[in-house]
Amino acid sequence: MAIERHLNDTVHVTNLEWFVNWSRKSSMWPLGFGLACCALEMIATFVSRYDLARFGMEVARPSPRHADLMIVSGTASKKMIPAVRRIYEQMAEPRWVIAMGACACTGGIYKNYAVVQGIDRHLPVDVYIPGCPPRPEALLDGILQLHAKVMKEQSIHNPRVTCVKVAGE
Amino acid sequence: MNQEAIKDRLTAKFGQDAVLDTTVFRDQLSVTVIKDKIREICRFLRDEPDLFFDFLSFVGGVDKHPQTPRFEIVYQLNSSRHKHRFRIKTRVEETADGLASIDSVVGVWATADWHERETAEMYGITFKDHPDPRKLLLPEHWTVFPLRKDFPLEGTDDTPDLPPQKI
Amino acid sequence: MNEQVRRMEDFQSELMELNLGPHHPSTHGVFRAVVELDGETVVNVTPHLGYLHRGYEKTCENKHYHQVIPLAERCDYMGASSNSLAFCLTVEKMLGVDVPERAQVIRVMFAELSRIFSHLFWLGTHAHDVGAMTPLFYNLREREEIMNLFELSAGGRLMPNYLRIGGVIQDLPEGFVERLRAFTEHFDRRVDEYETLLTKNVIYMDRTQGIGVLSLKDAIGLGASGPMIRGSGLAWDIRKTEPYCGYETYDFSVAVEKGCDAYSRYLVRIREMRESNRILKQTLEKLPGGPIRARQPGVVFPPQEEIYTKMESLIHHFMLVVEGLKAPVGEYYQCIESPRGELGCYLVSDGGPRPYRLKWRAPAFVNLESLAIMARGHLFADLIAILSSVDIVLAEVDR
Amino acid sequence: MINSYLPILVILLVSAFIGLAIIVLSTLLSRKNPTPIKLMPYECGMDPIGGARRRFSVRFFIIGMLFIVFDIELIFMFPWAAVYDKLLVFGFVEMLIFVLVLLAGLIYVWKKGALEWQ
């Protein structure tokens, strides 16, 4: 952040860091980005029974400009991957990625010509959630682990720089 | 009207040489017709009052690789009035420059548009005077025909993840 | 004011191309359409598909017959059990396997449950697209109940993977029948709740009546099936015309409307939910005892408990898993009435353990062809209502 | 005399402060990482077709104007509603006339067909 130039790691920076991490974690807005079957389980997690609103995340923003978290739920086909990369790049920092479901993690049961074998070939993924489709509890567990990861970030000392990976490296 | 009677109507109308082969399997009969007359046959099957096949379920391709002629186009027909089904097939030979071609039946059934576009991009069969011969399901920059038997399942290196970078 | 507007309009309105792109809240997945707009009226819609093309048919050609069932279920993740039913019926017709009575009734139960399952999600998202937010939460509450039923019987919530070639994987657990009976009893009142929200709602009627008109001639010409064609006046339901799985023994009526527009498709789907509920009640009464899978060594899996005790069952199971079943040479086309229309599975077999060619006749893919005709001339907001009235599932459209 | 206008001054200062604070803090604290793709307009993940500077149909502006007129009408009602009990019948009649004038405007616009799209 721009402010760290004046506050060279005095004690209150760590408190400020805790505060910044806490505020980011507790109001992380997911991007409404459902690709395939996992999208239905993601929607089931949003709605009243599993209730993602408990974590301040029930606002699924359609536009990447207002979203912090991209939950890639479903199969990223090779025709869709340029759009996925562009949407990720158009999200504002700080941004996180959850690969939900076997297809997003490793291509899942579709090991063929049409599917990208894992979203981490193109995007820096923070949390992988296995399952086809993962149960809503698994998605919630993945989100809680992401919150724990965000709390451990040094968002002021060396803020994360996340960018799209070079093609297929 | 059972399928044998439909086949006899076909042979009566288009002569014996139009119907090349008939296979019967578990109460379903499929007739292989000659490729050049496909559009007249389809129009006849649709317009004949007591056949009246006005509903085309799908147009599909089958790659019989070792055999020649290589490709087989399947037309699965259904009649909304008489509620009977029928299947006709044609064999299409892959010419030297690797482009098999057949007349398009979009004029007869409007639904054949997307079916033929998908069969074209998956097998490399061109449907003559098709109104909109663009790719349907595959990315634009691909030049492979995935559903052919000699195409590996995992894809080759000309099915890249990303289109060539437009710098 | 209006005349001056029209005069000014003539000389400068050129078309605006808008991208209703793959990532859009109201395209029910990754559907893309380039829409040419003249101000707010839609001049032309050209859909671009393939953003969820997963190579389903090519993958099936490299799988054994019983390995294709999970793939088939993921092809239409809203009505998963009806997909595996279509595939299993085709293979059983080719192999000449006759499924025991109890398994047939359970299959009808699961097919009707997945029809209600799919129509509920459609109703929620369709109402959401037209502006009504509440039905989504009502419908997903019922869906959770059906997911409990799927989970109770087969373990999977969304895609139970419960059917096998020759029957079903295991018998219904004890609590299933009581829970299903409780569901069927209170489901009719729930559908009345949805109807009070939408059917007589003036805003909803203005947004959907006369919108997306598909005449019967166009519908048949464009191959539309299921609620699309029943909303245009043709009472064609494959459960009635070509009954499978014992549907001829159930008494239900085909929901048909003459209106040809989005509102009549809504009415058709609502009545279909009620009819499915009626069928579910009848399946509960006539649920017979007996085995849940046919006994045909080398083709159908032997019962699970016999594998640990009997030697030849173990050998049959082992051979079936390792080498798969050998289907006779030939081709067969079997279609069923899925929640979206005529779901057909055309299977060509060359005698090997793998399907030589599997052509999946996806109703959503064919119904989507009529979008351009229906959307022309309407406002842009109506295009969204029409798209959601077609009820597309992108995994089935792009296969 | 002066202190009867003090509250208005306080309100103005506080609102200005809050508005400016939000703008200043967000520019100060936010991280700037403008990549060319991030600055491109977002069009559902695809390449944007055509620029944003183009000739729009006039009807959009008409509907925009009508909205502003009736929105301002509503804003005038807020302070009136706040002190409604002190204004007694006079305030009520005054607002009634104001609403009726605008109602006449609405009827005129409706009859001229400016609300329809065609």
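First chain written, first letter: the chains are A, B, C and D, and each begins at residue 1.
FYI, a residue touches a chain if its C-beta (ideal position, glycine included) is under 8 Å from a C-beta of that chain, and two chains touch if they have at least 3 such contacts.
Since the model is a prediction, treat every value here as computed from it, not as a measurement.
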What is the chain whose Cα centroid lies farthest from the Cα centroid of subunit A? B
Subunit A to subunit D, mean C-alpha position gap in Å, rounds to 35
Geometric centre distance via CA averages, subunit B-subunit A, whole Å: 44
CA centroid of subunit B to CA centroid of subunit D, Å: 59
How many angstrom between the C-alpha centroids of subunit C and subunit B? 25
Interface hub residues of subunit D, defined as touching at least two other chains: 44-46
Subunit C: which residues touch two or more other chains? 21-24, 50, 53, 55, 58-59, 398
Tell me, which residues of subunit B touch at least two other chains? 137-139, 146, 151, 153
Quick one: do these chains touch in a line, a ring, a star, all-to-all (complete), or other? other
Pairs of chains that touch, anyone? A-B, A-C, A-D, B-C, C-D
So, in the complex, the side of subunit C touching subunit B is made of residues 49-50, 53, 55, 57-59, 62, 93-94, 96, 218, 220-223, 234, 236, 241-242, 330-333, 335, 342, 344, 346, 348, 356-357, 359, 361, 365-366, 369, 398-399
List the residues on subunit B that touch subunit C in their complex, please. 23, 25-26, 28, 30, 54-58, 60, 62-63, 74, 76, 80, 83, 85, 87, 109-111, 113-115, 135-139, 146-147, 151, 153
Write out the stretch or stretches of subunit A touching subunit D in their complex. 1-3, 63-65, 82-84, 86-87, 89-90, 92-94, 159, 161, 163
Within the complex, which stretch of subunit B touches subunit A? 137-139, 144, 146, 151-156, 159-163, 165
Residue positions on subunit C within touch of subunit A in the complex are 21-25, 29-30, 50-55, 58-59, 70-71, 74, 77-78, 121, 136-137, 140-141, 143-144, 147, 157-159, 394-395, 398
